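Here is the structure we will look at, set down as structure tokens.
Chain nomenclature is as follows: A, B, C, D, E and F, assigned in order of appearance, with residue numbering initiated at 1 for each chain independently.
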Amino acid sequence: MRTVVVTDPPRADAETVDALAAHGVATVHEAMGRTGYLGPGIRPVHLGSRIGGTAVTVLSWPGDNLMIHIAVEQCRPGDVLVVTTTSPSTDGMFGELFATALQHRGVRGLVINAGVRDVAELHAMGFPVWSAAVSAQGTVKATPGAVNVPVSIAGQPIHPGDAILADDDGVVCVPREDVPAVLEAAEARAAKEAATRAAFRRGELGLDRYGLRDRLPAMGIEYVTWS
Amino acid sequence: MRTVVVTDPPRADAETVDALAAHGVATVHEAMGRTGYLGPGIRPVHLGSRIGGTAVTVLSWPGDNLMIHIAVEQCRPGDVLVVTTTSPSTDGMFGELFATALQHRGVRGLVINAGVRDVAELHAMGFPVWSAAVSAQGTVKATPGAVNVPVSIAGQPIHPGDAILADDDGVVCVPREDVPAVLEAAEARAAKEAATRAAFRRGELGLDRYGLRDRLPAMGIEYVTWS
Amino acid sequence: MRTVVVTDPPRADAETVDALAAHGVATVHEAMGRTGYLGPGIRPVHLGSRIGGTAVTVLSWPGDNLMIHIAVEQCRPGDVLVVTTTSPSTDGMFGELFATALQHRGVRGLVINAGVRDVAELHAMGFPVWSAAVSAQGTVKATPGAVNVPVSIAGQPIHPGDAILADDDGVVCVPREDVPAVLEAAEARAAKEAATRAAFRRGELGLDRYGLRDRLPAMGIEYVTWS
Amino acid sequence: MRTVVVTDPPRADAETVDALAAHGVATVHEAMGRTGYLGPGIRPVHLGSRIGGTAVTVLSWPGDNLMIHIAVEQCRPGDVLVVTTTSPSTDGMFGELFATALQHRGVRGLVINAGVRDVAELHAMGFPVWSAAVSAQGTVKATPGAVNVPVSIAGQPIHPGDAILADDDGVVCVPREDVPAVLEAAEARAAKEAATRAAFRRGELGLDRYGLRDRLPAMGIEYVTWS
Amino acid sequence: MRTVVVTDPPRADAETVDALAAHGVATVHEAMGRTGYLGPGIRPVHLGSRIGGTAVTVLSWPGDNLMIHIAVEQCRPGDVLVVTTTSPSTDGMFGELFATALQHRGVRGLVINAGVRDVAELHAMGFPVWSAAVSAQGTVKATPGAVNVPVSIAGQPIHPGDAILADDDGVVCVPREDVPAVLEAAEARAAKEAATRAAFRRGELGLDRYGLRDRLPAMGIEYVTWS
Amino acid sequence: MRTVVVTDPPRADAETVDALAAHGVATVHEAMGRTGYLGPGIRPVHLGSRIGGTAVTVLSWPGDNLMIHIAVEQCRPGDVLVVTTTSPSTDGMFGELFATALQHRGVRGLVINAGVRDVAELHAMGFPVWSAAVSAQGTVKATPGAVNVPVSIAGQPIHPGDAILADDDGVVCVPREDVPAVLEAAEARAAKEAATRAAFRRGELGLDRYGLRDRLPAMGIEYVTWS
């Protein structure tokens, strides 16, 4: 691993990211052609938040949070800190002291493919976290890693400056250069979903709305009455 | 797999199912001789609901929600949709648009041995869900499966029309023909539990109430004082 | 296994345990030199509680809660019941009837390396539980085990009378004889954390506060500008 | 659970089962329309066996092998013992003494959704086992279950007398009444596979053989040259 | 954690350990009253070995093998190295260079609750390993731990000098002071098993040999003929 | 997802890849600064192979092997097929017919982050496989994906044409452009390991060879005699 801290990567445009965040993780994931999702293993510690921001990425050694200390300094208002480890770990690498420092810098939340602790305090101070685990297990500050390099969670690449959106469905990453196009696609999808929602409320069926009914016989699906 | 949609299976009697639902999952599971439980892997997405209804069953290909679209049309007021896949999957096969369509038809909730998404929206609209995962990962509508065939979750067979009860402890399935007898057994058990609860509040011990104390020596259990 | 019930083990001093509990699991774990934590697999069923007490330990056969019945009688005000099984199990060994009996005796909560049920009722009655699973699956009372013997959860030994502290971060065990020293260490750590919190609120960085910045070059960490 | 031992269930025809076994698990699973597979969680303890036989089913309490003792007596030459538990367990419920008794009765192997032990000895005596775990953890004989009732593993129902086929790919169950038809389908599939194998050896592509190439544009798949 | 290296702990008597090892893990576990087993999560990397020796214990930080380097020096002929980590890790902490050093010192094998690598080379050189994982992921030498302190794997305490027995069923630990008594109990059990084996070969049933048949009606087990 | 097939990506130089393969996965992973490893979840189906080749990558829908059919045509002698899915799946997407087609084209093996089947046949024909699961569960050919796009397994990016090395320790990916430098580093490391091996065979300790002994006091590690 190249033990490097990359400073001042370009960020996705803040206003566009904010507009995108309003659409929610599932809609944005669909708008990207069903890509970008960090998987069901990264969950909100508390339900009820929805945030968007730009990624500052951290690659840490398991059981070691040295690189998070370094990353704090690289954070700006509107960022989301994204942390992963070089091999799987559930240790509690992040707690309320880190959150205090990040809130001071205007960071909107944490996405971590490892553990967090002080979760009652994090909730009380309004700092939202999406993590792979909750664990009180403490860590050391002994082994180097990297900040603002490309990382990958659940098969999904994340580059510094990418848009990170998170809500109760989990986390999605939108590549920086795609943010404007994805916003457009998300708005189109949201409009379409609104129309479908209205139709479903009137009793229309997806079977008809999506033109599925006529395709069923060719798929070999037959209807039989209970006997 | 026979790719079939079975229409109009007989349902367990709605009133009896409602009476049964009041007893809660753990009591009904005990009343059935400790059977019918769908296991600790199926959890409520939000705590605090308790429902009962009759099963409409769906067997889907992983990553594909075509059969849920077909199943919506087979649902009636008082049903609970029960979905499983032919091999393990965490994909988000179900979201708020489906829930909108099901609420229109009077469906009481969803039990799914896979993933759901839009969970903030599902909670806001009051549509309770028990699932194996929360995932934004979207699905296609390409591969056939079956509706209203027998399925199995965690070793527990579920037939269309069976009673499905769900609360914070998970989900239990009561075979349609057993519903009246299980209601009787659940009422008997609830009465017994009420008496035990009262006794425990007075300080009686299970050791005495269940006649265990006298059996301990034969089991080889000895009491020793700390030294 | 020696099938034994040890009566009247000495307990950690109640007042010291209460003082320790106020510091929270993560702080106490750090104060013990990062030991004592029961791991991320033991989670609160409901978020929002923080308790402390003295351990009454139970070693049960999987699928069998006989020994919990025996253990109830050994509990005193200020205890926390700690249950594990001889091999991994998720069965719902504990429910609201047990909680009723324990509340009568002044027990403060349950830590169980297996499943619990009646979790809505447990929450309503204010009996906090930390468990490895929620499961309605019932158990029998057929096979002996032990009460108040040393047990181990997630590699952490727990002796009867040890201090058990639990909150939203999980559970930590403090050996009985170490409780006074750990309280002192926890108070020192809390004071240090308060100073750090204040510094971070003013914008100081951990990188500087912990003297890390000067050590980075020796670790081979280099800063590069994005290109 | 009804604690019952069903005697003398009808078995699938032995000769047909033997003919079917020759085709291997994957081919038979395909011949059944991709059903009947007990999932990737049931694995051979040692690679290199391929067996077929008729199911004697056992439903046991976790950590308890009483019902296996009862089931031995129900076994006949050509049977395969199929064991599952009422809740998940990895305990070593079966070892070489059981295998000795079963070999005496002409039983061909064991399929168990739990643990086995003495696996070196089982291999030495030529008794093949497919299991969810290997574990030395011993069990008791205290709690009743059932023999020759329908059970379910990985969502797959298994009835006494069904054909059980097992090889390095795992285990498949063929319902007793379907055995002749599945044999026919398996033979047809094997013939088709032989032709495909010969074609592939000559360099033909599946893309052409299965008529996929023409469908790719409609699926939106485009070919682009590396740039 | 106290970062300490304890030198020259007393070992269980070598000859008695060797006699015990001949009985195999499952038999010794039973002879100890079904205790001492390190669980199904610790598996032989290659099947076919059976060893016994005295424990040198190591407690390491995850992703860090510094303490194994220290432990090598503490090993004597007849020892087995037993390694665990302060939180779960699958990293490859041990490879053929360590095995070369240990073979030079007469160490009989490795038991590790984490990962190993160079497994082809380990097999070629005849150094048997039981581990929680195989992983090429390398580790650092940065964070202290402890050697020859009590550790715990799968709820089982292990002290330096305890007897460690390992075969294809996994690993069992016998407390040093219990080794002579456990050898006696294992010999008694082996004799009993030999008699049972002979009886089973003659066709006797466990149902009769263990006196179970008469107890079945009281357990509520009834026999019914297939209908 | 862009449903695309990229043709003729540049490959790492075949001879250099072959030279690299001789060093084994663990050594190459170390030579890359402890990067590139696909994690302990990808295991050889049979132990005893060591291969190297250039990646043809496949991104498939779960339960669907359409894209593998397309990928076969893109394979050349010296390639290794690398398959992953858009969400986790254990289905048996690959069997001996595919292996027959790939052997015809000179492909050296398969790395798949999902399931394989026909594993006895694959072994018999000498086609080595590293996979996340073995499963007979069949798949469909209905949903598009991509061939020769960047994919990621266990946080490790893999580009078409990268060098893939696999042995009993798992799989490592070396970026195409880094192959010559990594070969050099691997040779240097192998030489160093040979010297260390010789030293360890003479009884030298890692503690001394790596200069660790003098650093122990500063780390707070103390030696104490057993008391």
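Throughout what follows, a contact is a pair of C-beta atoms (placed from the backbone, for glycine too) under 8 Å apart; a residue touches a chain by one contact, two chains touch by 3 or more.
Treat the numbers as computed from the prediction; the structure is a model and nothing was measured.
Using the contact threshold fixed earlier, the set of chains in contact with both chain D and chain F is B, E.
Comparing the residue numbers each copy contributes, chain D and chain E share less than half of them at their mutual interface. In this structure, the chain pairs E-F and A-E differ in their number of contacting C-beta pairs, and the larger number is found at E-F. Chain C and chain F, compared by their mean Cα positions, are separated by 41 Å. Chain geometry summary: the mean Cα position of chain A and that of chain F are 28 Å apart.
For chain B, residues touching at least two other chains, in rising order: 34, 39, 86-88, 90, 135, 137.
An unclassified topology is adopted by the chain contact network, corresponding to no line, ring, star or complete arrangement. The complete set of chain-chain contacts reads A-B, A-C, A-E, A-F, B-C, B-D, B-F, C-D, C-E, D-E, D-F, E-F. Those residues of chain B that touch chain F in the shared complex are 61-64, 86-91, 135, 137, 140, 142-143. Against chain A, the residues of chain B that register as touching in their complex are 3-10, 46, 66, 69-70, 72-73, 90, 92, 95-98, 100-101, 104-105, 115, 117-120, 123, 133-138, 141, 144, 148, 160. Chain B contributes residues 1-2, 33-35, 39, 84, 86-88, 150-153, 155-157 to its touches with chain D in the complex.
By the touch criterion given at the top, residues 24-26, 29-30, 34, 37, 39-40, 43, 47-48, 50, 167-170, 172, 193, 196-197, 200-203, 205-207, 210, 212, 216, 219-226 of chain D touch chain F in their complex.
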